[in-house]
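The following pair of complexes shares a single chain, chain A, combined with chain B in the former and chain C in the latter.
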Partner chain A sequence: MNIAVLTKQVPDLVEGVEIDSTGKAVDPDSIRYILSESDDHALEEALLLKERAQARVEVFSLETGEVRDSLCAALAKGADRVVLIRTGQDTPPSNHAAAKIFASVLQGLSFDLILTGVRAIDDLDGSLGGLLAGYLNLPYVGLVRKVEMTNGTAMAVVQKEFPGGYAAEMEVKLPAVLGIQAAEQPPRYVPVSRLRQVMKAAKVEEQEAALPATEALEVERLFKPEEGAGATMLSGTPEEIARQVVSLLSDRRLVR
Partner chain B sequence: MGLVQVPPIPAAPGPLFPELARAEENFRKCIQCGVCSGSCPMGEAMDYSPRKAVKMLLEGRFNEVVESNTPWLCVSCHTCAVRCPSKLEISDGLFPALRAAVVAEGKALDQDLQKALQNTYLYGNPMGNSPKKRADWAKTAGVPVPVISQLKRPVDVLWIVECYPSFEPRGQEISKLLARILNALGVDFAILGHEERCLGDCEWLAGERGLFEMLIERNIEILNKYKFREIIMTDPHSYRTLRNIYPALGGRYNVQPVVAFLAERLDQLKPLLKKKLNATITYHDSCCLGRKTSHYEEPRMLLQAIPGIKLVEMIQNRESSLCCGGGASTIYLDRYIQERVKDRLADRRIMQATATGAEVMAVACPFEPARFEDAVKMTGHEGKLVVRDIIELLAESMELV
Partner chain C sequence: MGKDVWVVAEHFNGRLNDITLELVAKGRELAQAMEAKLAVVLLGRSVKGLAIELAADVVLVADRAELGEFTPEAYCAVLEAALKDAKPRIVLMGSTSVGLDLLSLLSARTGNPCIDNCTKLEVREGRLFATSQIYGGKLFAEVAVAETTTLIAVVPGSFPKPETAVTGRPEVREIPLPAAWPEARIKFRKLIEPPPGDVDITKVPLLVAVGRGIQNADNLTLAEELAEALGGAVCASRPVIDQGWLPLTRQVGKSGMTVKPKLYLAFGISGAPEHWEGMKNSELVVAVNTDPKAPIFGGAHYGAVVDALDLIPLLTEEVRKANMKKAS
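After this line comes the complex of A and B, so read on.
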């Protein structure tokens, strides 16, 4: 079985993000990039499938920031091949562009499963998996939290999350694209010594891809959440604040 | 009590057991007397007590030991090692080797520990704070806290603040007070600011050798950029590591803990200790200042110099002090340990402190105010006992608060 994992990097919020002088984009100098969290889960799910069904796992990532580090981490965790896709642009493209890029890279390759994180913090629209499946003419299931192979590599049973704590189990014909919400277990730890060995020795394969022209939304204004707006700040001793919280909740009949 | 000898760090991680094989060499000297197990405050909760674990390893039963809870319950209090008649390095030799075997194998780690290790790899501190914010506490110290890279001249004293005193709220308050004390004493000091990273004690003892090596390389590179006469440290764990482990890896520095540095200046300090504190105080010997580096008297000298203080001792003090239960990365394993241990060590220690009749438990380790304050609440002693760092008590008596 062959599994492709599609990953991208997103700004690391721990390091803080600044808005550039145009007021419409993030200042690239303020950012350090890390692997998108749900892509990390997609990789973990692929590695679990590899352990259960001897799959081959190939990771593809768009060229952004410290992408080599996260591709080396994928190799250290057990991926069989990693590919860096060079588009000549080192900021993350829109999901529409990313879907076209990944489609052009995957076209003609044979994968039974294509896994990607269901969404990323930089766009939150969760559209990459669906768009890619459309371009590749494959079925798509998003918000997946468990994947099990049935009937060899012809079918998979996946668990998809719904609001309100519900989940559905559904069969999907392979090959298919899955948007991973969370892997069955938290992403595994890579011992730093192994990671550093891989970083020294591994060759990250590179592939060129053209940046496609896509329709995109135009950003009018990018701004940080305005602190305090729409909020009532409580003050006093912890006991006084606790009493105020209780009366606010009971006034709204949220507690009895 | 001599200095702790720690096995050298391997250049590269091997398969599962070479480290244990090396430990095995030493552990052939074990006479199976069981002093380690009898002394271990966590031994009862371990699947295999230290003596049993050594026996099993010598019998080749590696997997059973590595997969048990034993490697993760050691708090590295070092009581076993100081009492071992064969002088075996149990808590800082065997246990990190067991953990290193688990880590090198890529076995699943406790999630809280994994997060702390990942954060330390990415940001140089286990809390996952931005390294850029490391010296933010200094902005409100009320006295100048120079950053060495900005001074552009040699300093007398380089103060390595370390993670908890840089980021944890109570630790930050204590750091500000120490800055004021150093200022009042006219010490020419500076900090590393955003260049400072974790020194790696918890990471080493957690078995993350690769991360420890990475931190050592970076820290030595940074420290070697600057000129200073000596280093002082707020965190006894890091102090022990910098003093005892770094030299073998090329990092040789004149280093001492803050309490020893201040005790050396007692004559200068005494006239500044003006305010009477009128309290009965008991001092908790932390493992890293006590058993691991033998700084038993300096903290007591400082406390006794404060007017109005009556110092009383807990039943377990100095070499036999009871650990707070947070060493060797177990500070990140609180949940794991709580599921397996009936009485937390911090709770047991607070019971000992209250039995002395003291109103204040004095500490000199940045892990401890939060751990013991929690234990004060958990054991129902809120309002009866307060936990205070020696720095807080000195600053109060010096009227710097």
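After this line comes the complex of A and C, so read on.
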């Protein structure tokens, strides 16, 4: 069985995200990129399937930020092949453009399953998995938390999450695209020493792809929510804050 | 292109979901501002009876066995044909498990643009603008909606639901179904109920919520102690659940529970839109985070920029003191 995992890099929110001088885009210099969290879960689910069903796992990523590190980490975790797709643009494209690029790269290759994170923090124009499935005319299920193979590689049984803790079990004929919400176990961790070792010998394949012509959304402006708007901020030492919080609760008869 | 406003309805166990009632109310307002009609698309099996609960001009119904349970493929096939035929101005759906699948699939299949994570829609000088939350709620993007059929997924809770049930007298029309019903590549097997046996956090009035800032599973003991002193329970945001530190039944947010406690103490939770959606109706939200720019402070009633791990034990001590005072 062949599994493709499509990943993308998104800004690390710990570092912050600043708006550029046009007011319509983020300032690329303010950003440090990391692997999108749900893509990390998609990779983990693929690796679990590899362990259970002897699958071959190939990871594809567009050229953004420190993508090479993410791809090496994927190799260290157990991916069989990693491919960096060069488009000549190192900032993340729209999801429509990314889906078209991945569609062109995957066309002609034979994959039973294509996994990607169900959503990323920079999603504005839909999600990558659904768009790709639409372009390739493959079945798609998003918000998936569990994937099991049945009947060889003909079918997957997946669990799709719904609000309130509900889920639906669905049968999906392969090949298919799945948007992974969470893997069945937390994404595995690669010790730094192992990562360094892999990076020395790692083979990151590179492939060129043309940026497709897609009509981007017309962003009028980006803006930040007002800092602390709404919240009355408590200040002081941790001891003082604790006393203020408990006094708030006492006033509302929320402490016994 | 037509100028009508469409809403894709969602229902569960024979009842319309709140997101649909919110979108119908907003859709009415937009339709009036745009001098257009409001149509609701209702797909399912034996769903016609729900039409009178929809305050729309038209309800477009497809009632068929294949649509009895949601599958992205079957719903998309019906909507794709209907959209290409009628070309409405905008199509509103929830940024939900159902809506998210449909948004992207339909956008790719029809070639129409789509906007996700929308929290605000307004008409200004005859133009329609959609505002979306991105980067975990740290930024908003205002998009000028193109002059072509545009699909928009709205975050639940962004628009108020009418307080009293509105009954309409919509014209009910059958949707023309696709000429050839597509081969079902996706089949619904069964609904999986939430795992039983744990605390029902939707019924606990005092919640101690922990997020990524709790750092590791051992620190959960601190939160448990505080919850015990308060007589409440511990719940968490997605990252804590994904790590396996707490069971799914304790998850608050988009795919977890929606809670409305008297008190929601949020420790080390950034307040990403997916989390906010599940607790925004709490009566009192006190948020603690080391990041002064954490979006949770935007919506909380009280906030403090301090390390949750420092504060929680102090709070437990203060709550215990207050309990003792009361007891004596």
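Note that in this section the second predicted complex is superposed on the first by the 224 of 256 C-alpha atoms of A that agree within 3 Å, B and C clash if a C-alpha of one lies under 4 Å from a C-alpha of the other, contacts with A are read in each partner's own complex, and residues count from 1 in each chain.
What we mean here is this: a contact is a pair of C-beta atoms (placed from the backbone, for glycine too) under 8 Å apart; a residue touches a chain by one contact, two chains touch by 3 or more.
These figures come from a predicted structure and were not determined experimentally.
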Look at A:Arg194 in the shared chain and tell me whether it touches chain B only, chain C only, both, or neither; answer first, second, both or neither. first
Taking the superposition on A as described, I'd like to know which of chain B and chain C A:Pro186 touches: first, second, both or neither. both
For A:Ala242, decide between first (touching chain B), second (touching chain C), both and neither. second
Comparing the two partners chain B and chain C, which touches a greater set of residues in chain A: C
Does the superposition put A:Gly16 against chain B (first), chain C (second), both, or neither? both
Please indicate which partner A:Gly65 is in contact with in the superposed arrangement: first for chain B, second for chain C, both, or neither. neither
Figure out whether A:Pro92 sits in contact with chain B (first) or chain C (second), or with both, or with neither. neither
Using the superposition on A, tell me which residues of chain A are in contact with chain B and, in the other complex, with chain C. 16, 185-186
Inside the complex, what are the residues of chain C that reach chain A? 12, 69-73, 96-97, 100-101, 103-109, 113-117, 129, 132, 134-144, 146, 153, 185-195, 206, 230-231, 238, 241-244, 248-249, 251, 254-258, 262-263, 265, 270, 272, 284, 286-287, 292-293, 295, 297-307, 310-311, 314-315, 317-319, 321-323, 326
Quick one: which bits of chain B touch chain A in the complex? Just the residue numbers, please. 12-13, 103-104, 106, 108-109, 111, 114, 117-118, 121-123, 128-130, 132, 208-211, 213-214
The chain A residues in contact with chain B across the complex are 12, 14-16, 34, 77, 185-186, 188-197
For chain A, which residues are in contact with chain C within the complex? 11, 13, 16-17, 19, 26, 41, 95-96, 99, 118-119, 121-135, 139-143, 157, 159-173, 176, 179, 181-182, 185-186, 215, 217-235, 238-239, 241-243, 245-246, 248-250, 252, 254-256
